[in-house]
């Protein structure tokens, strides 16, 4: 197969590093350009010594050069910036796979409410495909602009959409408690993230209004066949490098049984390479999925309260970001979906 | 003041170590006996080098010797064993402060259901006082048998009972998600607790039927003025040594406001030395309470779902076990409540 | 290429898990048998959920079945047991790659002194090849029995042998201080290795007589062209899962310069895929090599004392054990040396 | 006893926090002023929630106010700044206890070489007393300016000076390998110190020219009765919050035995409250000394190389900084040396 020539724009953060780790082993990807304003001119070995073998160097982002020299571009930028690249790249015929949040929300109002700016490129929204392969695989095959889901979002959607779609729980009153490792905050140099402030610490944050909340609500509503829904998403920071554990509490529908839940998951994910559903009562562990693109799911029906409990674990940088982006890339370009992924 | 002569039965676990740490600095406690079947005869320096300065040695538990030589006994034993000591000690006039679970539950049925054995000493139950000072201080003053609350339980009761007592939230459908450090499992030598299995790992466990569940339900029902209630308690293991973070999600009562919540907390805990309530929206952190007897509480009313979110952090070995036991000891013997505690 | 049919004997420890992780992605290895006395009959998903996709199950070790059905066997057993498998397998024509310590030492006396038993199969020793590819690649190509180096040993030999061979430092008075993550102790369920005993802890151990000492001395003597030498090896346990950092202090030879050191390393490792030598003064980091088969090396000549300081980092389970075993396997069977390795 | 009125200048770093933790429990210290340019005006609860109970607030440093209102000042400032406070305070009759590096080195040349600036107040140097109580207790009793030793320095001097003073090892060719937790870098917001860069990482740094090197050399020379000596000090960063483990390798003197070493330590530290020497072959652990002012020391004579190995563990913020400062304060003002310390 011909190799796809790719650019990674914003390659010096943790999501960028993970993309580099994965794509550098991808037999059908040819990394042509990696950009970083801050590190332009530096050899990759200076920033990510473990990737020294790739021989790559960071450059300043150059839209024209990428347009003419690449077939696809991964964008790993802070929100609000992706469109500066997405727009010209799409116009030039490239496929854009965006890891930022800019093209995930359907609603401009929600975008403004949670990101505090007007959406910078509303015209692109209609062409964006939500990059969760387990729910949007067919659309991804032909997408020009793929908006990769947020990390927390992925961990909550995979267990919960299958249950809502099967009408096994109520879409009202859903609560999701998540715990994330510190790379989830990005490669951010800020006091709350230095080692002594995170180690031996557990803390909730962003408990009513985290930016991933409207994205979760949007996709759960789609799964439930509703125009919208409201739920609680409560993230916590825990002292690990990688991994998200999400615990989702739902009101079980009448007649819901653990067998029915197992069946719904089997139907949804029986053929999925990257979703592993455990038997009832077995619970997932973030360490089971570290550095893999897998989502591990457990569940338990609590008969004494009538709650259905869902549990999921992903690696926030892999299935929660760059691994899923590569999975999308593989789907889009017709490669076996698991290429370069485990 | 005269010193109280104390024994610590089962002193070689983490709760025992924490008791020793605290009592060895207590100006009115005279540690006469520390027992450990496994370590009898060993100098404390062999087991807990940091306590070498106390000059203590472990002995086999000797009921008669303790009866005649001590005024109070702390029991830090696995469940099912405490009565073997509690009964003779109480009969001999000693005050017993039990850190195990044996005298916490009012219901023999619940005890049997969750601990899988018949209660070994039902006759003692009626004399047991639940050792949560913030709710049972007066009874503790005259107690002969004090049943110290479980660690998770303490972290959930402190924020939640005040809210239920003030009728600011519904007692139905309560969900508590907790995250605990690994000392919560005791000094247990078992595969799931070795370092490489816990480090870089987050996992839920015991999600429908943890032994702390009936204890939480019992005390929340008391606070709500109900004969009983059912709720979900979902514990998670995170890679820290110490600390519990509990997130409690309740349906806010009609008309509940953040001001009303702040007032309820001020009323309940305004004079409490070991409860620190943060302003609305500020969230607690386990590292703020490590090695202290404090419970740090935060809260947030989520107007878009009508849920009231409570957050609390304690050190599981201090306020969650041995610190609270010392606080009870101070109350019972008339010492300033904060003696030997920070 | 035809696939090589392999068995992994003793596959339920951390080295076994790492072998499984690597070989399950190896395009030319066909894992036929994985054995574990303790877990015989269990599906791999129960023990190593992340490897569920391999569909393997543990069986009791069956020498006859392996002899007739496999071309190569990896042994990941405690010392003293490997010969029970190595002998019949070699006689049956299989290639044996042993991760245990049994065939590393040339001297039966040293084996007895450090392992406290008579060597169980001295007759096999002469046919064993020491499996450090960077020094014994040619012999590995034709070996029937490959003795993979110890983890600490690998981290110390790679920087130090090149320097001794180039006569840039004295072979006398060498000191190596190493720090290892806890998987280095194996999947061992023992009090010193439970999370709360390792977390927030740094400690030296085995400081005069660790079992890796005679192995280091043996190979450093070979590199120095001496019949034997004595040195100090001082291991420390640090709270990480994976990784060894070794700091080696040597007396620089007269006229030794940093340029000469860089040249010696370039000559020794310029063509090596799995050794990365940093510029003078740049220091390695265990996180740069996690889950890779690389050894990262740094150095510094301290002019004020005349000491040459060498630093190296490896992943103890990859280059320090199973990755190196796979590298040996690749060499032995003529596959590209980096197959299934990064 | 009358309370001593104290100021803490630069109280918002980790050493400042530790001083606050200790002094807030000190029965004879009255904390009058805590300064922080960055946090002036803020309540302590905002910066260090666990110290909320002290009721203190940060102010801008005000030399005149401190001069007139305090008896002693602790300085916890970066190097190069202490003299701005030390000079006027001493002139006004206050006792100054400086945790910075500015008054530790006797040699202005060494100061300039390692700190890259001319010493800002050479006139004060002659009045400075080196604040290591185990070696300079008598001078500390009457000191006006106490220069508290560096953290690494303390961990190396305590085991090594006793051995050199007893002539049990050569002062030549000493090597010290140390491992420190991340608070050792201060509360520094810099990429190498964010959680994901430190967790699962071990790395050497500052291996030939760390600022603590000349200080160690100076004091070891004093102990050995030499005008100067040269040695190697090699620090490593490990993923813990607190704790330093130092391993010191020396050439044992002829006739040195483990008994002689034990005797030398007994003589040096038999009456010391904060030095705990373990029996030969037993090794210290940083977790044994966390949050205490103790130094735990182990040793081993390696007969096969003739090296004497010393091991020590301290809490870098307590005995390595603020605890030692409080110990000095207690000595200086005639309080029992262990007041407020464990």
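Which chain is which? They are A, B, C and D, in the order written, and residues in each are numbered from 1.
Just so it is clear, contacts are C-beta pairs under 8 Å (C-beta built on N, C-alpha and C of every residue); 3 or more make two chains touch, one makes a residue touch a chain.
Note that the structure is a prediction, hence the values are computed from the model and not measured.
C-beta contact counts were set side by side for B-C and C-D; C-D has more.
With centres defined by CA atoms alone, the chain at the far end from subunit C is B. Work out the mean CA point of subunit C and of subunit D, and you get 39 Å between them.
Taking each chain's centre as the mean of its C-alpha atoms, subunit A lies 36 Å from subunit C. Separating the CA-averaged centres of subunit B and subunit C is a span of 46 Å.
Shown for subunit D are the residues in touch with two or more other chains, namely 181, 197, 199-200, 239-241, 285, 290.
Residue ranges of subunit B in contact with subunit D, taken from their complex: 25, 49-50, 52, 200, 276, 278, 285, 288-292, 294, 296, 342.
Across the interface of their complex, subunit B is touched by residues 173, 175, 177, 179, 181, 197, 199-205, 207-208, 230-232, 234, 236, 238-243, 245, 247, 249, 283-287, 290, 298, 300, 302-305, 307, 309, 311, 313 of subunit A. By the touch criterion stated above, subunit C contacts subunit B in their complex at residues 14, 181-183, 187-191, 193-200, 239-241.
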